[in-house]
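Structure, as structure tokens:
As written, the chains take the letters A, B and C, and residue 1 is the first residue of each chain.
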Amino acid sequence: MPAPILPGPILPTPSLTAVLGLLDLIGVGVFALSGALLAARLRQTLVTMTFFALITGVGGGSVRDLLIGAPVFWVRDPLVAPVCLGVALVVWVTPSRWWAASNYDWPMLDWADAVGLGAYAVLGTAKALAYGVAPVPAMLMGVITGCVGGVIRDVLAGRPSILMRPELYVTAAALSSLLCAAGKTLGLPNALVWPVAALGGFALRGAAI
Amino acid sequence: MPAPILPGPILPTPSLTAVLGLLDLIGVGVFALSGALLAARLRQTLVTMTFFALITGVGGGSVRDLLIGAPVFWVRDPLVAPVCLGVALVVWVTPSRWWAASNYDWPMLDWADAVGLGAYAVLGTAKALAYGVAPVPAMLMGVITGCVGGVIRDVLAGRPSILMRPELYVTAAALSSLLCAAGKTLGLPNALVWPVAALGGFALRGAAI
Amino acid sequence: MPAPILPGPILPTPSLTAVLGLLDLIGVGVFALSGALLAARLRQTLVTMTFFALITGVGGGSVRDLLIGAPVFWVRDPLVAPVCLGVALVVWVTPSRWWAASNYDWPMLDWADAVGLGAYAVLGTAKALAYGVAPVPAMLMGVITGCVGGVIRDVLAGRPSILMRPELYVTAAALSSLLCAAGKTLGLPNALVWPVAALGGFALRGAAI
């Protein structure tokens, strides 16, 4: 059989797909939380809050999947919608003082965003690598998909993008992506590399909060 | 024949495709009108007005098609470009008092947006269902594609996104999408479900204007 | 062999692909420069600057490739990442007075944007034509992909989009796209059409700066 002319994706194995799917769900959940909290802070309705949760939750992963040519992960997934709806409902029914130190200080929003940043930076890199993308572009993919959820959330809300704050943000995503790509290149097991890489970015971002 | 490994789209029938194409064209037209009116209000040139008409008109449908893995509907369509250009031209040659109550009050902009919202929420849901997406994600697809045209238009113009107004917007799109998915699940005919669903969302949005 | 049911892309020849790839790299470079300069003006860190360079550099081409159904050009390309990183590094290590007339006046940012606008308008049109898109939609594709890099850059930075300035911007992209599509329709050689079309849009935009 002749070799294909166009470079096709090297499809990941089913077990890797399952792990990536689970991590995607966690990333969706924490980003959805940050979106719902921003909507709560803006005193929006439950439906708008759900919309913010959904868009922020799936934004990064959707852009990643479109760029690497994978089917968009959440469109045929039975769990993503309930997760986003559930997160929005929880934020809606709980008093805002559980989430906010004051009307102007919502630390949980930043922390959820930080967890999502680390998780998606690793996920973006790992999924791109699994689809046969070279390490350096895969790392960039991780940075983009880690940052894009928060950017979309902020643009939708009409507030200055989180990138513009005088803090480490892109750098934290870059650290997670770099650790993930480096671990893969060195042949270390994913079960070790992924948590360390995600924690690295999260810690750096957390230090900046 | 063995089952396919990856879940492929269940391609819609040619007649359904034709109906969806016609509805897409209507959605494009009204969203294009809202984009052209915003550009007129901002006293932009004809070319920028056409650009706003195009981007607002095709934005929602493009995002929908990318997410469900369909070819982007307008790229190979011979009618979308003339429709957007025509809408921009009509707005350009007609006096702005036809469209605006005053310099600061452009009710037609909101009404065109409301029609587009209802039409695209139904279209997004229906096309996603036709591609084999499950009802709940298909509904979310309807909400996203109904809202995204207006969001892109507002972000391009640098004004606060329509989502941020203290009015029902996402809720109206959610109503249309819900009615569309419910009708499909109950097996009702599209010729009944689609107009009712679109009108429902439009009426709810209209009441908020 | 039966005709295919769905309209598939007419894949460009390898030599045309090579030329398009080279032009893409130039477009990436100049748009990356405009992104890096905006980040420099906002006194961002090196990593954020690289992120801006990357997103602005690849934004237009990514949207174009997604819309026409081509694999996203930079994901499997070994040169785009080094180009963006290199551009950001050069801007980082050089004194800002090389690039800026004053703190509030960065003419190089607008000039790099103008070169990118012309180059990407032609590239967008040419690549869409090469994939079998009809001339008018191909022209619209050129306009969109020429403008979208700068729009994404400005939205990320939270400043009013360049479209909103009272200057010729979309019109310049439209001129380049029109010349490119017209040249192709008349059967003129690409080696003549592409430079003329890119220069036409650049000159019109330059006159407005």
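In the analysis below, a contact is a pair of C-beta atoms (placed from the backbone, for glycine too) under 8 Å apart; a residue touches a chain by one contact, two chains touch by 3 or more.
Predicted, not measured: the structure shown is a model, and the values here were computed from it.
*Asks:* Could the interface between the copies chain A and chain C be described as same, meaning over half of its residue numbers are common to both, or is it different?
*Replies:* Mostly different residues: under half of the interface numbers shared.
*Asks:* Using CA atoms for the superposition, what rotation angle relates chain A to chain B, in steps of 5 degrees?
*Replies:* Answer in degrees: 120, to the nearest 5.
*Asks:* So how far apart, in whole Å, are chain A and chain C when each is placed at the average of its C-alpha atoms?
*Replies:* 27
*Asks:* Identify all positions of chain A at which a residue touches two or more other chains, and write them in rising order.
*Replies:* As it turns out, chain A has residues touching two or more other chains at 66, 155.
*Asks:* What does chain C use to touch chain B in their complex?
*Replies:* Interface residues on chain C, with respect to chain B: 6-7, 66-69, 128, 132-134, 136-137, 140-141, 143-144, 147, 151, 155, 160-161, 163-164, 168-171, 174.
*Asks:* Taking the complex as given, what residues does chain C use to touch chain A?
*Replies:* 42, 45, 47-48, 50-51, 54-55, 62, 66, 71-72, 74-78, 80-82, 155-158
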